[in-house]
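One chain, chain A, links the two complexes that follow: it is found with chain B in the first and with chain C in the second.
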Partner chain A sequence: MKDSFKQSMDWLHTWGGLLFGWLLFVIFFTGTLTVFDKEITYWMQPELHHLTPGLPDIESAAQELARAAPHAERWWVELPHAREPVLKIYWEQAGATETRLLEPVSAARVQPRATQGGDFFYRFHYQLHLDRPGIWIVGAAAMVMLVALVSGVVIHRRIFTDFFTFRPTASSHRAWLDIHNITGVLALPFHLMITFTGLMIFWPIYMPAGVDVFYKGNEASAYAQLEQKFERLPANVPAPLMPLVDLERRAHSYWRGGTTQWIEVKHPGDREALVEITRLPDDKLALVSDRVTFDGATGEVLQVWKGERPAFLTYSVMMGLHYLWFDKSIIRWLYFLMGLSATAMIATGLRLWTVKRRERHSPDGFLFGYRLVESLTVAVVAGLLVAVAVYFWANRLLPIELANRALWEMICFFLAWGGCALHTMLLKNMASIWRQQLSGSAALFLLLPVLNMVTTHTHLITTLQKGMWILASFDLVCFAAGILLGWTAWRIGRPVEVKAEPLGEATFEAGQT
Partner chain B sequence: MGKGTQKQLAPGHVATRVVAAACGGYALTYAATACLMLLLPLPVSEAALTATMFSFLIYTGAIIWAFAAPSLKKSWLGLLVPAMICAAVALPLARAVGG
Partner chain C sequence: MHWMETALCYSGLFALCAGMPKHYKQIWGRSSSKRHQLLIRTLGWSALFLAFAVSVLVNGWSFGPVEWVGMLAMTGLALTILLPYTPRLAAWLALAALVIAPLWLLL
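Right after this comes the complex of A and B.
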C-alpha cells in the first residue's frame, strides 16, 4: 500500500489502532478488572463477609433443592472455594433458572444486596452488555488487536534496544512513544496470548467452519461431541435420589486430590436421574475439568471423563489461560499487572496519535478532527475510570431494598460516563479536561476506602486486623489507584516545554529502518 | 532518509483494502480452515479444533497481506485465488462428510 512493507504496517498499526483503540481500551480495562471479578463481587456484598470457611453441607443443600424445586429438570450445587465463600444452589424449571445463596456450613439462606458485582465488568469485557452482537464487535476488535500487535512488532524492529529507552524530557511525543513501546514490549507474550485465547473461546461464533462442516451448523451437537457429556431422557418413573454427599465423596477416588466445583443433577427424582460431579480446576491450566457421572437412582458409575484428547486439551488449556481459574495469587496479580500494562499501551497509543499530530501543526491550525479524537480519548479513558469508581460508590450508597438495585448500579456507571463525555464538550483546554477528570477519578478512588469505613463493618482497619486479605486488597488497590491517577493528573497539569520537531524527523521515527 | 512527502492515499484505495482485508480475508480464512479440518487425519472434533486454532493466525496473515500487497489487484487476488482453491478442495470433501 505504501512504499515499503514497514510503512504499510506503520499505517495499518496507526489507523487500526486509532479506530479500534477506544473499544480496545474498554475491553482490556474491564478484562483486567475481571481478573478479580469474584473478589470484586465479594467486596460488593458485605452481607457475605461474616461467612467462615468450612466443609460445605452438601446434604442440606440437596434438601433445600428438594424443598424449593422438587419437579425441576436440573439442579446444581456450586461449592464454595477460596475466591467465593458462599454455597450456591441453582435449578432449571420451565426454561428458567433460579439461584439461591446459602451459608456453606449451616446451609442457611443468605440474601446479600442485589448487585452484578464483578460480573458487570465480565459481561462488559466479552460482549459490551450487547449479547451476541456485542460478542461480534469484541471479536472484530480482538482481530484488529492481533494485527496491531504483529504490525507493531514489524515497525518496531529495534525491539530490544528501544525497550530500554525512556526519554521523558525529550519531546512529549517521544515520551509517549517510549511508554507505549515499553508497556507493549514488557508483556508482549501476554498481550499476544490473551488476545489469541480470547478469540479461541468463542470460536463457534467467530470461525464456525468447524461447526458448519461437521455438525451441520448445530453448535449444541458440536459441543456434545467435544465435551462428551453423558445424557439420557427421563423415564417419568419416580425413584429416590442417592445421597449427593456420598456420590461426591466417591467421585474423589477418581481424581488425584482436588476439590469439587459443581454437582449437577439431571432429572432429579426420576429413575433415569444423572448426577455429574465436576472437579474444581484451580490447580491445573485446563479449564474444562474432570467429571464423574453417576446413575442418580442406583449410584452406579456411568462415566469417568478427563478432557485428554490432544486438540481438546490444547483448547481447554487455551481457555484456562484466559479465564484463569488456575488459582495461584502471584499469577493472578501478574495477570492484573500485565492487563494494566496492555491497557496503558492502548491508552498511550491513543494519546500518542494526537500528540504527534499536534506537534506538526500550529496550535491555531488544530483541526476539528484532531479535537474530536482527543475528546473521545479523554471521554473513554478518563471517563471510564470515573465511571468504575462511581459504580463502587453506588454499591455502597444505593438503598439495599431498592427495586432493580443491580440495574441502578449500572445506570449510575453509565450516567457518570455520559457526564464525563459531556464534560469534554464544555471546556476548550484539553489538558484541563484531562486534569479534571483524572483528578475526579483519583478523588473517588482515594475516598472509597473511607466511604467503606462509614458504610460497612468490614473496612480496611478491620480487614487488616482480621487478615481478610481479599477485602483489604480491594481497599488498598483503590488507594494505590487514587494516588497513581492523582499523580498523572498533576503531571499532565505541569506545562511541558515541547520541542517542535521538523517533519522529516517525525517521519523517520515512524518509518525507521 | 530522504523520502520526501509520504505517499498520499486515495480514500477509495483505503476502503478497497479494508473490504479486501475484512471480507476477502474472512473468505480465505473460512475456506482454508474448512479445507484444513477436512484434510487433517484426526477424529472429527479434534480436526475441527486444530484447524480453528490456525484460523486466527491465517486471518491475521490475510489482513496483513491485504494491506501489504504492492497493488490492489495483488491484494484481492492474493486472497481470493487461494480461497477458491481451498473451497474447491473442501466442498466435495464436506459433502462426503455430510456437512
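Right after this comes the complex of A and C.
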C-alpha cells in the first residue's frame, strides 16, 4: 500500500512537474527579479540617478496638480522613499490616469526614458501579460507547484539523511537529483510560503463564491468594505482645498513614527473633497497601510483607520510576506537567493526528466518526445535568461526619443526569446544548444556593466566610489550571474566522468541502518 | 548582529551535518562514536536556537523568524555546496564562525 502510494505520488510529481515546469520556471524567475523591481526600474532610468531623496515638496506637487488637472476626479501624490527617490503625481480624469515624475526637493519635472522597468517582470510573474486569463493560468501553475512540493517531499527517499548531500562528481542523474533536492528541501518553507501566499492574493478571482453571494460579484465593493474606505459624492459646489502639507503633518500625529506613502485627493476643489493620507508600511510584516482621512475643505478628521481586525490582519500578513513591502534589505536579499533556489529546483527538475530517460535508453535512439521536452527546456530556461539580458541591453541601446520605447524594449525581450526557441530547433546536438545559449546569456550579463559604463555616467566605478549601492549591486549581480552562467555552460557541455568515489551509494546505505 | 546570526546558523548546521556518520567520515575520513555524534548534534541545535534568539532580538518577533528561516536555508545551501569540494574548509569556516560570532556583540 505504502509503495503504491509513493508510486502514484512519483507519477504525479513527474508529470505534473513536467507539464507545468516550464511555466513555473518563468513565473519563479520573473518573480525573483520582482524582489528588486523598484531597484531594476531605477537602474533602467539613468535620468533619475542624480536625484537625492530629501524632504519632498508636497505643496509644489499639489500646485502642479492644480495646474495640470484642475477638474480631475482624483489626484494622487506618491512620496519618494529609500527604494524609489522620485516624487510622483497622478490624476484621474474621465476614466484615464496620467502620471508625472517630479524631482523630490525642487518639484521640477523630470522625464526619464520610457520603460516598463521592473514592472515588466512584476506583471509577467502573476499574469504573463495576459490580464485575467494570465492570472488564471498562473493560479493553476501555483496549485501544481503546491502539489509538486508536497508530493516531492513524499517521494524523497531519504529527506533527513540526504539533507546535506551533494555529489557533483557522481553520475549525471545523481548530481542533478542532488541539486534538485537540496535547492528544494533547504528552502522548502520559503517555497511553500511564497506559493501559498501568491495564491491567496487573488482569492476573489480563484474563490469567487463569497464575493458573488455577498457583493453580487463586485470585487471592488468587497475590497472597499474590507479596507473601510471613507467615500462620498461631490457636491458640485467649488471650495478651496486645505494645504496638503499641513494635513500630511497632522496625519503623522496619529501614527507612531513612520512616513507618508500616498496622498489621495478625491473631488479636488469641491466642497465635499476628501484627503486621504496613507502611511508607508515599510516597518511591519503585515501589508496594512494606516490611513487618516480629512475633509478637504475644512480639514476636519473624518476617519483614522489602522486595519487591526484579526481576519484582515492575518490576510495582510500573508500579503506582506509575499509583496515584501517592508524595508529590510537582508530579508530582501534572502528572498532573492531563495527565489533563485526555487528557480534552480524547477530547472534541474526539468532537466532531470530527460537525463533520467536518456540513461535508461541508448543515447543514439533518442525519441521525438524526449527531444521535444529537452528543446522546450532549453528554450524556456536558457532562452529566458538570454531574453532578460537582452531586455536590459535594449534599455541602454534603444534611442531615448524612440516612439513606443517601452514597448520596443519588450519586443526585444520576446524577439530574443523567440530566437532562442528557433535556435533549439535548428541544431541537432542538444548539449551544444545548451552550451551556446548559456554562454550567450553569460556573455550578455558579463558585458552589461561594460555597456553601462559606455552609455551612462553612473557606472560601476562611480557608483562604488559614491556608495550608490542600488546601482552598484545591479551591475555586480549581473557580473556574478555572467560568471555563474558561464561556468554552467562549461560544465553542462562536458561529458560526465563518473568517478569511483568513496562516498558512493553503498557507503550511504550502510551508514544509515 | 546579523553577521552573528549568519555565523551561528552556519556553524549550527555544520554541527548537525558533522553529527551524521556519513558526513563525519566525509570530513575527517574516520568514523565517530555515538556519544561524540550526540555531543556535536546538541551543539548544533543549541547554535540554531541561539541564532533564532539573536534574530528575534535584532528584528523583533515579526521579522525575526522570517530572517532566521531564510538564513538557515541559505547557509545550509552554501554548506552543502561547499562540502563535496572542500570538506575541511567547510569545517574550518564553521569553527571560525563560532569563534568570531561573539565578537559582533562588541560592535
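The rule we apply is simple: the second predicted complex is superposed on the first by the 492 of 513 C-alpha atoms of A that agree within 3 Å, B and C clash if a C-alpha of one lies under 4 Å from a C-alpha of the other, contacts with A are read in each partner's own complex, and residues count from 1 in each chain.
What we mean here is this: a residue touches a chain if its C-beta (ideal position, glycine included) is under 8 Å from a C-beta of that chain, and two chains touch if they have at least 3 such contacts.
Computed from a predicted structure; not experimentally measured.
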First, second, both or neither for A:A187, with chain B first and chain C second: second
Touched partner set for A:Y335, first chain B, second chain C, both or neither: second
First (chain B), second (chain C), both or neither touched by A:Q303: neither
Which superposed partner A:F312 touches (first chain B, second chain C, both, neither): first
Contacts of A:W203 with chain B and chain C, given as first, second, both or neither: first
Which of chain B and chain C A:Q63 touches, first, second, both or neither: neither
First (chain B), second (chain C), both or neither touched by A:S432: neither
Touched partner set for A:K284, first chain B, second chain C, both or neither: second
Per-residue contact with chain A, leading partner among chain C and chain B: B
Contacts on chain A seen with chain B and repeated with chain C across the two complexes: 507-508, 511
Chain C partner contacts - residues on chain A that touch it in the complex: 161, 163-169, 182-183, 186-187, 189-190, 284-286, 321, 326, 328, 330-331, 334-335, 337-338, 341, 503, 507-508, 511-512
Interfacial residue positions of chain B with respect to chain A in the complex: 1, 3, 6-7, 9, 13, 17, 29-30, 33-34, 37-38, 42-53, 55-56, 59-60, 63-64, 67-69, 75, 90, 94, 97-99
Chain A-touching residues of chain C, taken from the complex the two chains share: 2, 13, 17, 20-23, 25-26, 59, 62-63, 66-67, 69-74, 76-77, 79-81, 83-85
Touch list for chain A against partner chain B, complex: 1-3, 5, 7-9, 11-12, 143, 146-147, 150-151, 196, 199-200, 203, 206-207, 209-216, 222, 225-226, 309-312, 314-315, 318, 504, 507-508, 511, 513
